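Listed below are the structures to be examined.
Below are two complexes that have chain A in common, paired first with chain B and then with chain C.
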Partner chain A sequence: MVQPYDNVMLVGCKGCVTVCNAGGLKEVQILASTLRIARKKEGRPLKVEERMLERQCDPEYIEQLRDSFDQYQAVLSMACGVGPQFLSEAYPGQKFFPTVNTRFMGGAVSHGIWEERCAGCGTCIIHYFDGMCPIARCSKSLQHGPCGGSAKGKCEISKDVVCIWDMIVRKKMEQGRLDDLRQYRAAKDWRTARDGGPRRSTREELVK
Partner chain B sequence: MTATFEPQIVAFCCKYCAYAAGDLAGSMRLNYPPSVKVIQVPCTGRVDILHLLRAIEDGADAVYVAG
Partner chain C sequence: MSDNGYKSGSTLEKVLRAGHFAFTGECGPPKGANVEHLKEKMAPLRGVVDAINVTDNQTAVVRMSSAAASTLMVQAGLEPNFQMVCRDRNRLAMQSDILGVSALGIRNMLCLSGDHQLFGNHPEAKNVYDLDSMQLIALVKKMRDEGKFLNGEDIDGPPKLFIGAAANPFADPAEFRVVRMATKIDAGADFIQTQCIYNMPKFREFMKHAVDMGLTEKCYVLAGVTPMKSAGMAKYMAKSVPGMDVPDELIKRIEGAGKGKMAEEGIKFAIEQIQEFKEMKGVAGVHLMAIEWEHKVPEIAERAGMLPRPKV
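On to the complex of A and B.
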């Protein structure tokens, strides 16, 4: 990505990518140093300016690069996918590159291991399933029970993926509430998910 | 690389063991190559990946953590 350039800025984000060790100050310093070493070895030194923004998903922080963004041939964002987009919207004349592959909304199940927990579908049904989300955690997002690929509590796609339906049914049985799953429910409204197209959220009292 | 190539090595040494050993070697008038540059750290736990990267970035051929 940065092969053609010899002077770039690498911008980290102090938000979510900092707490998940993907694009915080430490990762910015390591990537910048690694890039400089690699390019020095090639005999084509690369200047990498290291910057941090409070967040890259709010225009007031993006604005802090106003006086420096055009001093570089390209800008690399170490935020989630929102970062390079907010940056390129604010500074149309500059080239922006992503440096992390943003994958999912999740949490750290143990130190250094993250798992997906939320699919952002916009109509939450976690309470039907005793706090476990089959939309995000079932490989097929099934809402009515496990499929034939469930074996010994694991999903057929990988031995590292639990069958969330196995967990849901087990918990319902333990708590004597298996009958909850017999209830008929209206079809889920997928218009609030990606199926309804790109989404926008408005808090009217915050809009000027 | 020529036969005379001698790598420049930055050694991060723990104050309480490796650095103390180096000190003792000094008092015993033992030599070690001048291409090894010793940096004292309070504990090797203080060594960070950035110290290692920065050393290489600034021209070291290798880094050495001793403790």
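On to the complex of A and C.
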């Protein structure tokens, strides 16, 4: 991505990517040094300006680059997939590249291990399932219990993947509420998910 | 509703309704457009089973479409049980295929979730799961009995299909399995075909539970049988096939038969199973999945006393 350039800016984000050790100050410093060393070895030194923004999903922070964005041949964003897009939309004359491959919405189950928890489908149903989400966490997004491939609490796709339905069913059984799972759930309306096209959310009272 | 009060008028439906002990087979379509190959595989099943399950890209490996292979069977005068999985189609494709197969003379349909595509030969594929198997069952029922699409619009000529679903008494959590089967029956399943049974005590318990819950009054349960060809196959199934329960004693029994005699021992066990299922309360038939062993089905049927098949 940066092969043709010799002067770039690398912009980290103090939001979620800092929390999950993907694009915070430390990662910006490491990536910037790595790029400099690699290019020095090639005999084509690269200047990398390091910057941090509070967030890259908010125009007011993106605006903070107004004075400096055009002093570089390209700008690299270390935010999630949202960052490069907000930057690109704010500064049409500049070239932007991502440096993070955004994977999923989840959390750290232990230090250094993250797991998906939410698919952002836009029609939350986890209140039926004690807060556990079969849309995001069942490999087939099943809505009526575990398929025939559930074995010993694991999903048929891998022993490293928990069968979320096994967890839901066991909890319901332990609490004597298995009847909750005898209910038929109508076909899901996927329009609120990505299937309905790019999404937009409006809070009227916040719109000026 | 269909003529004479039948939902679909399929042979399978008539056999079950008449109170006969049903016998279904299975045939995986070829990995190609080789019609001769399909004909070879289905030929031994003629007159031996009431209907033949036609798998839908089983284990997520691409094969000739289940709809096409089922149609070829209809043309050959055999009765298919068209399988459809939720993995590869959204509700538009499902509904149009349901209408299509009905128009082509297919009268049985088995509604399944489908093996995850990571198992198959296109693991990079996007998975669909617009509907799950429960919703697919309810969809076919709605189309057939109400003459409506999922969105409520009228269908010009509703499909006539005898609706099947699967149950795996051996997957976890065990206590939930009969509950899931009950929900499938409520959703509209006319018949159930179970996963291959090897653990007989566990299956007896499952059936007792189903009978006690009154499920077998509302729906026909066909017990799944897959004869073991060798101890190697038994070990492979025990270890690598998800949701399969193969007791050690059975592996030892097959192994103990000795080289060259393991296949016969596997067939013997299958026949013993079928004999017991005939007597087992709530079991309405057997679904014999002789995987890549279709030519053995007539022999098994004969020895298990399943022949001749009733004329309905």
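Everything that follows uses one rule, which is that the second predicted complex is superposed on the first by the 207 of 208 C-alpha atoms of A that agree within 3 Å, B and C clash if a C-alpha of one lies under 4 Å from a C-alpha of the other, contacts with A are read in each partner's own complex, and residues count from 1 in each chain.
Simple rule for what comes next: a residue touches a chain if its C-beta (ideal position, glycine included) is under 8 Å from a C-beta of that chain, and two chains touch if they have at least 3 such contacts.
Because the structure is predicted, anything quoted here is derived from the model rather than measured.
Applying the stated contact rule after C-alpha superposition, one finds that A:Ile30 touches chain B and leaves chain C untouched. Contact with neither chain B nor chain C is seen for A:Ala119 once the two complexes are overlaid on the shared chain.
By the touch criterion defined above, A:Glu156 reaches chain C but does not reach chain B.
Of the two partner chains placed by superposition, A:Met105 touches none, neither chain B nor chain C.
When both complexes are overlaid on chain A, the residue A:Val82 reaches neither chain B nor chain C. Judged by the touch definition given at the top, the superposed model places A:Cys16 against neither chain B nor chain C. Contacts of A:Ala90 after superposition on the shared chain: neither chain B nor chain C is touched.
Counting the residues of chain A touched by each of chain B and chain C gives the higher count for C.
For chain A in complex with chain B, the touching residues are 26, 29-30, 33-34, 36-37, 40. Taken together, the chain A residues at the contact with chain C in this complex read 139-153, 156-158, 163, 166, 169-170, 173, 178, 181-182, 184-188, 190.
Only residues 49-50, 53-54, 56-57 of chain B touch chain A when the two sit together in their complex. Against chain A, in their complex, chain C makes its touches with residues 86-87, 91, 113-116, 118-119, 127, 129-135, 138-139, 150, 166-168, 171-173, 175-176, 179-180, 182-183, 186-187, 195, 242-243.
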